[in-house]
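Paired with chain B in one complex and with chain C in the other, chain A is shared by the two complexes that follow.
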Partner chain A sequence: MKAQLIQILSLIIFLMPAAWVSAAHIHTPQKLRATRMAFIPGGSYKPLFKQRGEPAKELIKPFLMDVHAVTNEQYLAFVKANPEWRRSKVKRIFADKFYLRKWEGDLVLGDKVNPDAPVTDVSWYAANAYCKWAGLRLPTVSEWEYAANACEYKAGKEGKKELNGKLLARYSEKPPEKLPDVESCGRNSLGVYDMDGLIREWTYDFNNNYITGSAICGGGSGDASDPANYPAFIRYGFFSSLKANYSLDILGFRCVKDVK
Partner chain B sequence: MRYLINRKAIMAIAAAGVMLIAWIFSFEGCSKASPQKIQGEEYAQLTYAPNVPPPITRDYPTKVIVNLEAVQVTGRLADGVSYNFWTFGGRVPGKFIRVRVGDEVEFHLHNSPTSTMAHSIDLHAVIGPGGGAISSQTLPGHTSVFSFKATSAGLYVYHCATQPVPLHIANGMYGLILVEPKEGLPPVDHEYYIMQSEFYTKGNYGDPGLQEFSMEKALSEQPTYVVFNGSVGALMDNNAITAKVGETVRLYVGNIGPNLISSFHVIGEIFDKVWQYGGENVTQQNVQTVLIPAGGAAIVQFKVKAPGTYLLVDHSIFRAFNKGATGMLKVTGEPDKEIFSGKQKDEIYLGSNLDKELESDSAASPGTSEPSANPNDINAIVEMGKNVFSTTCFACHQPNGEGVPGVFPPLAGSNFLNQDKERAIGIVLHGRTGPISVNGKNFNNTMPPQSLSDAQIAAVLTYAYHSFGNSGKVVTQQEVNKIRNQNNGKGK
Partner chain C sequence: MNKKNLVILILIAIPAAYSVSKLNFANKNALKESSSIFYSKNDSLDKMCCVQLAPSKISENSFYQMDADWIDENGREMKLSELRGRNIILTMFYASCTTACPVMVSYMKAVENEIPSGRLSKYKFVLVTINPVNDTPGKLRQYAKGHNLAPANWILLTGKKDDIATLAEMIGFNYKQNPDGTFSHANLITFLDSEGNIVHQSDGLYQNVKKLAGMLKQQNL
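Up next is the complex of A and B:
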């Protein structure tokens, strides 16, 4: 069953012309610089944690995903159009005091940030508002993990091992003071970039039951479907402590769109 | 009236009951040695290994505020080898915390804004879910505060307990917290903090450059490095811990693993006192090696009596020799010859022939199982003797039997050899040390005893007598055997 799925998936991936992936779907709301969106074919995904009684695998519907995270420049356009999301105006319940802390001013990026780097120090509320404004939405945890684990589906166990090793190394590195451009951290087989390494990314349901459940706290690996998937543990462990108004230096986001 | 009496009786019984309860409570209070109230507050003084904060002089519990920061740093794992450490306080191991039993500890865990992930702390000194881990999950740029009572005296490990816990530990997030008993620990001259841990890197031991964590090695529990205090050499040479002869040293030793159990030993010392598992009481005296479980600790104490350098090791000795698990204690002062003499002599040892005896014990009788030539065929005997000579004797006496002037006496035309056949047999059997004169020249050297069978000795001597212009004597197996037995009888 799984083997078949992998075959079908790899066939789809193989047959998809790259140009079609990138050019056909472009996320161009209002004044934004365009972000290409990649087509993520549907499939099944095995979450690290699940509720008792739920099927082990979750079905993912096809969707479109920004190939890179929202940049400072793009977020600046959003803030210009939406004064309530400016640093000096935002309400504390929607964004803590770290919100956009590296920007020089409400509408000035300044020297501490790279305009083409992912915007960070943004809260979940802010990320959610941006996606809505752009006519898009935040990905679910499952969608994000599914897209991030593309290698696993392509290369099987070995690919997964390699990906995990790479991710652990990246997670262990201290990020540079000033983040590099988006698309500088590798493109996976689904055509999306930087799915880990550059930053962590908000998801729509970051605080769902699987994540805030006791399985994540304390020492054990609990009911995890794959106790050796350390990168996923790191992401889940990270999200388990998050609150929706938190803004962190290494936390940004990207948007997705349903395929009609 | 009767009613009244009854009422009085009931009241009396009730009063007695209240008094009894009060007495029980007071007794209970006494047996707990008068529970003390928290007085005042102070900030914990934390130290990096191998240093330990000064002993607590308070005789009452207080509120102790601990500030510890989780921070990720790139640092030295060995010479030319670096690693992305995750730390408590910027170094591995994390800072040493010292409190007193009964203290109320207000713990502030800060996570640096530059961290790439959440961190937390599980202190084994804490009674409560996750040892504080759940209450201290902290994102980068945040601080968590929680409080706990130091209920139980002992030496405890602390470590990060954010998922995936093994990775946080493997990358360096651990340290020790000491909860002193209320009367404190006996004063000593030196206290040191030592923590053993493993690192799992993609490259081999010593491979230069920034090394990545190896999931494969960690899962198979085969560390690349086993170290004291966070890196190879952290306790060596200039970083060694020190003491003077006559001083007492106490080591607070932790082992986090993450996988291995430590057999902690100080080469050339005996631990006078051991608090096994880091518990409150001295559990043994005069201990050579202490087993420290992963996630456990021990306190060892000893008086240093002889100057010199003492190696701290994990006595699973390949770890010490090949993976970095060594440290040094340098002791200065005057030697006490009664405690340790140092080297008194270096003498030549000729060997006891024990190896040969053990070998021949398992054979039927000495010499008989060895290759031998027909005793009537002198040419065969000389031929066999030549073979023995050219494998055993020629290196010193030289192929032509001339020896080396001043060093090895000659056999060629040797008056010493030709004078006395039995003496020659004895020398081959048992060796000889000291001055001799051969052909008018003096020699003062050692010939070791030769592990040869009777037949071989007979053959090689016959060969020597038949060569190099010598007297042409024949030495028989029986003659050799006779001298071997004479000397064995004498010698034993």
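Up next is the complex of A and C:
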């Protein structure tokens, strides 16, 4: 009888932590993400393009920004919780056929994907849904460019030239087949990583600077606030060619949050 | 089964049931927090009462994959999929727009006039605001009256800012609010077939209405 009691008690001791771990393993979006966010103080930003009548500088309110792009591992947690965003379930209108193409399966990253690298091959709709799920939002073009402009380089004309040269070199590089970890491409003075390398990132209003379609073409560039900022032209040109359901291997995203 | 085994079974089953129930609860919460703008189930189809259609599957590229809630000019909540079965002629606008929007609306009215009255019930002319802060259902109703938009043929919609942005992406309608409150926006009219697939888009303020009506006829819309 005593032996039986010991057997039962040991079973209870063995099973209770298992139940506890299962219950504690509940994935809330916040717990899953665990991404640090950097405080981006408000300020003024000079957009590359502006509409007629717009002031030369745009005021940016303070906000919080993910210090790195959303990783494959984090995105996997999102598709686990939201089956409609799994590769086999997503509707073509919201993501083209290249969506998550390097993943081995709906819920398996596989060998071709680094779990700690930024997730790429995701559409704008998917990026927007992820940020909403996490209680956040995608940054606007102005917020992203403003945060990216806080560079580690010397201030002034020379510093800008150095940054532009570095960015142009990066943009002409072919991305590696397997992307490296996030936070491997430099941290800027705001504490945000990889803004001038690694991947390009979706923004909420990525195409709203091209209302007439003439901002980039021909004489349109003459209206730019800084005609020597070639990397910005490349970014704007790149985004003007995108549709919201495109999934590209160099395109990921990060989220931001308003400061109340 | 002897008593000993029964006790062991119960001891295994209780914590297991507990953890499963917790996990289900967690999934429900996670789904609740997930985006509401995206299509997930056929529930919007179930609500359809007035469209006599075989319950065929909506295509992957159909607008009716969008599951957002909209509000019409009468304050009625609806899904876009309730328009299924009609050919849609849609643009985005804002009520206080005095430049391009009235031209786009008059262009749509001209298309309406070109369609034989017997066939008009197969169409719906849809205006979706890009200024949900200002364009309440009341304002939209006032706009419809002011522009003599026949209630049987027209519907004016407002919705959540994010749903409006998503719809705009779906048709490639670019817009941006200016510091003075006005909007810069595309001049784009989109034609959808009865299943919500884009069949034509006309870009620009000046269009050949006759040609367009001919296109609708040719495509048997």
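FYI, the second predicted complex is superposed on the first by the 219 of 260 C-alpha atoms of A that agree within 3 Å, B and C clash if a C-alpha of one lies under 4 Å from a C-alpha of the other, contacts with A are read in each partner's own complex, and residues count from 1 in each chain.
Everything below uses one rule, namely that a contact is a pair of C-beta atoms (placed from the backbone, for glycine too) under 8 Å apart; a residue touches a chain by one contact, two chains touch by 3 or more.
Only a predicted model underlies this, so the values are computations on that prediction, with no experimental measurement involved.
Q: Touch check for A:F253: first (chain B), second (chain C), both, or neither?
A: neither
Q: So, A:W144: does it touch chain B (first), chain C (second), both, or neither?
A: neither
Q: Which partner does A:N128 contact after superposing on A: first (chain B), second (chain C), both, neither?
A: After superposing on A, A:N128 lies in contact with chain C but is clear of chain B.
Q: Quick check for you: in the superposed arrangement, does A:N164 touch first (chain B), second (chain C), both or neither?
A: Touch partner of A:N164: chain B, not chain C.
Q: What is the contact status of A:F39 with respect to chain B (first) and chain C (second): first, second, both, or neither?
A: The answer is neither, since A:F39 touches no partner chain.
Q: Which partner does A:F94 contact after superposing on A: first (chain B), second (chain C), both, neither?
A: A:F94 sits against chain C, while chain B stays out of touch.
Q: Tell me which partner touches more residues of chain A in the superposed arrangement, chain B or chain C.
A: Ranking chain B and chain C by residues of chain A touched puts C first.
Q: Please name which positions on chain C make contact with chain A in the complex.
A: Residues of chain C touching chain A: 4, 7-8, 11-12, 15-16, 18-20, 22-23, 25-27, 29-31, 33-35, 37-40, 60-63, 65-66, 162, 165-166, 169-170, 172, 174-176, 178-180, 184-186.
Q: For the complex, which residues does chain B have touching chain A?
A: Counting only chain B, the residues touching chain A are 72-74, 84, 86, 113-114, 116-118, 122, 129-130, 133-134, 137-142, 161-167, 171, 202, 212-213, 215, 219.
Q: Residues of chain A touching chain C in their complex?
A: The touching residues are 4, 7-8, 11-12, 15-16, 18-19, 22-23, 25-29, 51, 53-55, 81-82, 84-85, 91-94, 124-125, 128-129, 132-133, 135, 204-205, 207-211, 243-244.
Q: Would you pull the chain A residues touching chain B in the complex into a rising list?
A: For chain A paired with chain B, touching residues are 98, 161, 164-165, 168-169, 171-175, 216-219, 221, 228, 230, 233-234, 236-238, 240-242, 246, 248-250.
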